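Note that the chains take the letters A, B, C, D, E and F in the order they are written out, and that residue 1 is the start of every chain.
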Amino acid sequence: MTAMGAAPVPVIGDAPQVVSVQRGVALPRRPEPPLFGDFMRGIWKENPVLVQMLGMCPTMAITNNVINSLAMGLATMFVLLGSEFIVSLFRHRIPTEVRIASYILVTATFVTMVDLSLEALTPGVHRALGAFIALIVVNCLVLGRQESFAAKQPVHRAVMDALGTGLGFTLGLSIMGAIREVLGNGTFLGVQVMPAAWEPWVIMVLPPGGFLTLGIVLLTLSAFREMRAQRAAVRPGRRIA
Amino acid sequence: MGDLAWIVISSMLVSNFTLVMFLGLCPFLGVTQQVQTAFRLGIANTFVLVITAMSAWFLNRYVLGPAPFLRTIAFIVVIASAVQVVEMMIRKHYPALFRQLGIYLPLISTNCAILGLAIFQSNRGYNLIQGLAFALGAGTGLTLALSLMASIRMRTELSTVPSLMRGMGVVLVIASFLSMAFMGFAGLGAS
Amino acid sequence: MTTPALVVSASPHLRAKDTTPRIMWTVAASLAPIVLAGTWFFGVSALLVIAAAAAGAMITERLLGKSGSIWDGSAAITGVLLGLTLPAGLPLWMAMLGGAFGIGFGKMLFGGLGQNVFNPALIGRAFLQASFPVPMTTWPTVGDAWWSLRGDNFAFPFTHPVTLDGLTAATPLGLLKFEGQGTSITSLLIGNTTGSIGETSVVLILLCGAWLVWRGLMNWRIPVAIFATVAAVSAALHAVRPSAPGALFMLCSGGLALGSVYMATDPVTAPVTRNGRWIFGAGIGVLVVMIRVWGGLPEGVMYAILLMNAFTPFINKGTQPRVFGTGRRAPT
Amino acid sequence: MTHVHVHGGGPPPAAQEAATPSWRLLATLGTAGAVAGLLVGAVYQLTITRVEAHRAEVMRGAIAEVLQEPARWDTLYMEGGKLVLRPVGNPGKLPRVFQGYDASDRRIGVAVLAAEPGFTEMVSLIFGFDPESGRLLGMKVLEQKDTPGLGDKIQKDSSFVNQFARAVAPLKGVKRRTGSDPGDVDVISGATISSRAVVRIINNAVARWRPLLVAYHGGGTTP
Amino acid sequence: MLEKLGFRHGVHPPERKELTSGLPIRRMPFPGEVVLPLRQHAGKPAVLVVKKGDHVERGDPVGTADGWMSVPIHSSAAGTVTGVEWWPHIDGTMALSVRIAVDRYALQLPRPRLVPHWEGLATTEVVKAVQEAGVVGLGGAAFPTHVKLVPPANTRIETLLVNGAECEPYLTSDHRVMVEYPARVLYGVRVMMGALGVSRTVIGIERNKPDAIEALRAAIPTDLDVSVLPLTVKYPQGAEKMLIKSVTGVEVPSGKLPASVGVLVQNVGSVAAIAEVFETGLPLIERIVTVSGRGVHTPANLIVPVGTKLRDVIEYCGGITEDAGQVIVGGPMMGLAQANLDAPVTKGTTGIVVLAQSEMRGPEVYPCIHCGRCLDACPVFLNPSALGEYAMRERYEDMEPLHLADCMLCGSCSFVCPSNIPLSQLFSFSKAGLRKRKAAVA
Amino acid sequence: MVLLSMAIIGGVGVVFASFIAAAYMKLRVWEDPRIDTVAGMLPNANCGACGLPGCRAFAEQTVEGKIKPAQCSVINAEGVAAIAEYLDIDAGQAVKRVARLLCAGGFDVTSRPVEYRGLRTCAAASSVAGGGKGCAWGCLGLGDCATACEFGAITMDDAGLPVVEPALCTACGDCVTACPKDLFVIRPLEQHLLVQCRNLLTGDAVLEQCEVACTACGKCVQDAAPGLISVATGVAVIDESLLSQEDPAAIARCPTNAIVWLQGAQFVRHADASRRAVA
């Protein structure tokens, strides 16, 4: 292991591969998946927010309304796209010793570009996102995709992956943003959607509300999965007489 | 002195990096199964934060004066490289320490808390001492949050909850409760 | 001799009298005087709010809990205690939501009775406090007839309550913090001061607690540790800086009495070891004074207890009893 | 942990892999850095004018608001313990205030920037006041992170903000103003702390700048 | 001695000794069949020496000791061996047992034998006589007594502690022994003191047995340093380590034997059994058993031949009542519930308690509410609450550092637990599970 | 400005690249990177069935050539092939072994004279009067083994017996340790003869407890190759060293179906089915 080379990207959450390993179906040698698969995977099956739980900081910090979530999602997608493209393009040229430093450099360049452009184009949104634009550099998602995908795949696949993952990220953020904005403010995209007498749940736009919202979303999803799994198969396990 | 105390208290409790500012959440959610690991990660993180505070101060002071928009790039490259070099040094010269802390270094050399610290420190124009106080406060707060989370998760490990509740959902709800509890520190020292 | 239908089970084959439901229901019953006093001071509104919180808690327990778990009585305690920490004029829908949140997220999600890390009643309250801060800090005055209503209990679910400004007042702690005004200790002891329903009569709460301690159903170390630390720390502060409130005021004001006697003692969320309980109580005491004196908020009992709840697993590990025949403590 | 993709795993290294020559490391990072600098610099050049214009516009609007639409203003810098119009050193780093004039070039007051902790994080604001009488002209919160729905009322609640267009420093935050003390400011119920923070920030700034301003005007000439 | 005498923690279960404490010991008639498991004691089972069809006299060996940590088993009645079979044992397993059809017309007199006169014997010969008589601890654990008479190298026994605490509810067999045979107990003490070379003996008796205290005090010979110490009535006062703490104020170090603090503890019944060896020459073939509980018609203190089936003993006591729910061998705190009443009384059987259904623990179990009562009950200061949570999830390895090994399964914790958690049961199988896992790893 | 920023970032890059280069030259600790890759390709179940302390140890030994990929009992054939291909080595061979239950006494064929009241786990029940089951040796049916099996290979069937799915079983031995009655053994999948009973009672005594118990009647001893089976202890025992001589004929006359001829899983609709499969 090179010292920083294999910076393990913490894959957390109910990582699906663990389950497959437990069933003894170890690491299938998949055939080259179609490009469309690269794209779709990031959107649902390996959704960065809802499944892989990467890039949690922006997910919590800026999703108190939908606009910010969308903006952050798209900004991240742009950075992903740019940096996966570059990393994939130069994947055979970068010496391992400075691999991470180079990746970060690439990412940081795109981030700064986005940062500056946002400030010029939509100062309001830029202000709302604050430091978290700059923090895209260290979003575990970006580094993770570079390491585990772009560094090993040809350019066209890396691009599809970036698009899918970016879109998935945006989707996840927007779901959070929508829930938090509607409950916490009574509005959606700034438009009042709840009745005027609606008492907003301030907690939703506070820090605890961020954790709580994602918690509830994840619980709902796993309840859903559980239900489906139960319907699909008789689970092995203890039979309580 | 009062100023330094406020920086420490504020970054540790009032604006706890993890629970209030939302920085460094990936390790907070991902590496808190064991108290010992979480604690070590927190210590390693504090260590990197201190390196960061120094690097950021150095860069702001001597390099980035004419082009502050290069902050993000410069910070991150310098921090990442510095951590890499330090990690290799520890690995070579203090293998025991490396086994305890070093293995976490790559994991955190590039997380949000680190860069966040550098950016906030620059935005607020802290000098070196203030920056170090900020780093120590933030690091302690991070360690606290990580360890608390881990100890609570170890307790919930023992519970007989349905499998549905064993995923990350519960962890996030716990985080939410911790964050609620930390709201009690709001305004501490400000009034 | 015919062999009867024998049952085999593990030893010991005898057990002590107290059972968990019995403990829970006795504690719940001991809250009755406090509920009545609240009603006396704040009118039927108080009773309605408590009932709504209890209903929210118990319905949720019924829906999400194991069958029959509602009869163990813990949800009833949670509901009533939550109700006691609310302002009497709170819309009933909020009280009910708080109860449901406290039980649903604060307890059932962790696996139900005994497995929760945070005090469910306080989780419910913290949720309400953060969600609806204005209604949660709008305190009706004491003094009207006990059959009158306060505030806007009947606000339609999920809508704004309408508050009539003239009928609200600041709590003794709020008065002190934001207005620099004190309140007489006698009023605090009797309880005819503004505040949440159950944080009024210190004397009554202490009496009820003492009865439970005497029955052996409640731990006395935690409240004693809290009172002692709060008294010591605030007396010291007062000595250094006379503008800080004195020990007696600190002890008698706000939710300290109810919180120490009924909430910090929740066995589930407090440490299980004796030394742990001292530490836990002392921690709460220090945090309460810290938040009240230096913090932004006038009152910190709820946050102090929740914070120490978070430390409980740690404290438990650190205070394992010394095992017989060993010189030192068992390692964690 | 990481999902290892078997495809493209590459041939196994025979033995200890030879380290990449250092010039390659230097070249890689150096080139990458230069290219990155190029890109970022270019984007910066492209955007800077708009960004600066926008920043200036925001500042202009804020000053105009808190000085009640002055005709023009001067920027005064604090250098060497006193205020000067044209500093000797680099003005970029000096603390400053904005001296406003009305159409007939009379001084109407100064706008001052100030920041201190609020309920959670720093509250930064700008306010205008007349150094002679101490009367406030206006206040605008530029940045705050206090609780949405509560603390953020110091920025959004107009009845709170409007009080700062007439009160006289030193201010005092009170609940339900009754008397007619010109220094009294009604705090927002539910956000007492944030409100009081505003009051405190203004009082501190006034205390800091007022003597300097009085000295400046007393000693200097009014154009 | 500055330290307060007594041990900390412990519980107060209802005593219910009044059912039998006033009833004199009676001899039960011989049953039609006795079944003698070869495994009745701690250590190695005895080695079979009879075969089907053999005739045995009362007191003849059916099994001999298999080495040092073992004792022989003797026939408790004259009769014919009808088989050697796997037979239900009171511990719930099956054990290889010798079935003997009792000769209905035999006089049941033992073969005439030489009664060793202990005073002329060397210590080793006393020990040998005790082993050959098959004497084991009658306090419950059935630990071979001769092993205890030879203290481990580099330890010295200074005090002989006779355990007359009998802290288990219902049981009164030791009580009756002390009231009725004080001289025999003291003769046994004399033998042991001689064999061990100790100068001091303390007989510890719970205060709820004033007649026993009186009787023993009255019988103490002047030439021996023997004292009777009344003890607080508290469970488990009779547990070895607690008793030593109560009497000497010293805690036996964790994982060590009492000998490490210079003490040897022996149950009064065992002491009396040693006396019998040197009085009558008879091996251990019968013992005193309390039959009690609301589920049995006529409670009694009986001398029962070892090997008598539980069914026969209970039937002799009038059988069990309509509402009987559980038959327990031993006391209700540590005793074992029986599934099969064909299991025989063994040397370690102190009592048979038949509980009425109304007395039984209910089946409903609640989660641990962390009330801490178990911590305040555990006499060895463990944290049963934490141990129980690990045990429930089968995390035995995590229990080891919490001193699982020090748990003596006394059941105090389960007794007080308001949630009715079977803590001591959890610990008993956790110990087994841990042992097994360690073996699997090794 | 553009040039300045190129200079700054380029400069920073060069400076730190030289730091890293210097550090690499002085401080590098080399480790075969293939170990990481192989460790990543292993299932990371850390079950220990291979006899090594964990998957990483297995990876190290595989790279060093001390152990063959196929000796991991969890990984599937594709995974083995992948590792073998990656390292360009022989995949090796492993005898597939599975857990077998030495009891066939489900609820339907055994007696339960008393009620056990308490925790519903085998470990707990077995510590109380044998758990209330008539047969003191037999399976309690409370599924500790199913809980212990991390691979989900064990399902409790309708009769309360654990059924091991050979495809999922990795022979890790967790069930062997978990069963308080010691009823599991690890056997090669290709061993067909199995006596599904451990009850040492003989003759009619055993039939009172269980209908499918081994009565030690000795018929299988006569029908099998000499010495393969013996009933001296009260239950039929198969001599594993003579397994090459096993033959389905041995089970033909068993009066209780206690001895079976297995092909794949146990309890494929109970003993009858396996008998039929042979016939």
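One rule holds for everything that comes next: a residue touches a chain if its C-beta (ideal position, glycine included) is under 8 Å from a C-beta of that chain, and two chains touch if they have at least 3 such contacts.
Here the structure is a predicted model, which means the values were calculated and not measured.
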Set of chains whose contacts include both chain C and chain A: B, D, F
Reference chain D; chain at largest CA-centroid distance: E
Farthest-lying chain, centroid of Cα atoms versus that of chain A: E
Pair joined by the larger number of C-beta contacts - A-D, C-D: A-D
Gap in Å, rounded to a whole number, between the CA centres of chain F and chain D: 68
Where chain A and chain F are represented by their mean Cα positions, the distance between them in whole Å: 39
Mean-CA-position distance for chain C and chain B (Å): 33
Centroid spacing, where centroids are CA-atom means, of chain B and chain D in whole angstrom: 27
Multi-partner residues of chain F (each touching 2 or more other chains): 1, 4-5, 8-9, 12-13, 16-17, 20-21, 24, 28-29, 33, 41, 82, 113-114, 117-118, 124, 127-129, 131-132, 147
Junction residues of chain C, two or more chains touched: 6-10, 105, 109, 111, 115, 127, 130, 133, 296
Junction residues of chain E, two or more chains touched: 92, 336-339, 363, 367, 422, 425, 428
Touch relationships between chains, expressed as pairs: A-B, A-C, A-D, A-F, B-C, B-D, B-E, B-F, C-D, C-E, C-F, D-F, E-F
For the chain A and chain B complex, residues of the former touching the latter: 3-4, 6-8, 10-14, 53-57, 59-61, 100-101, 104-105, 108-109, 111-112, 115-116, 131, 134-135, 137-140, 143, 203, 206-212, 214-216, 218-219, 222-223, 226
Complex interface listing, chain E residues touching chain B: 367, 389-390, 392-393, 395
List of chain F residues in touch with chain E within their complex: 113-114, 117-119, 123-124, 126-132, 136-137, 144, 147-148, 173, 176-178, 180, 200-201, 205, 234
Parts of chain B lying in touch with chain C, wherever the complex brings them together: 35, 147-148, 151-152, 154-156, 159-162, 165, 170, 173-174, 177-178, 180-191
Residues of chain A that touch chain C when the two form their complex: 195, 197-199, 201-204, 206, 208-209, 212, 219
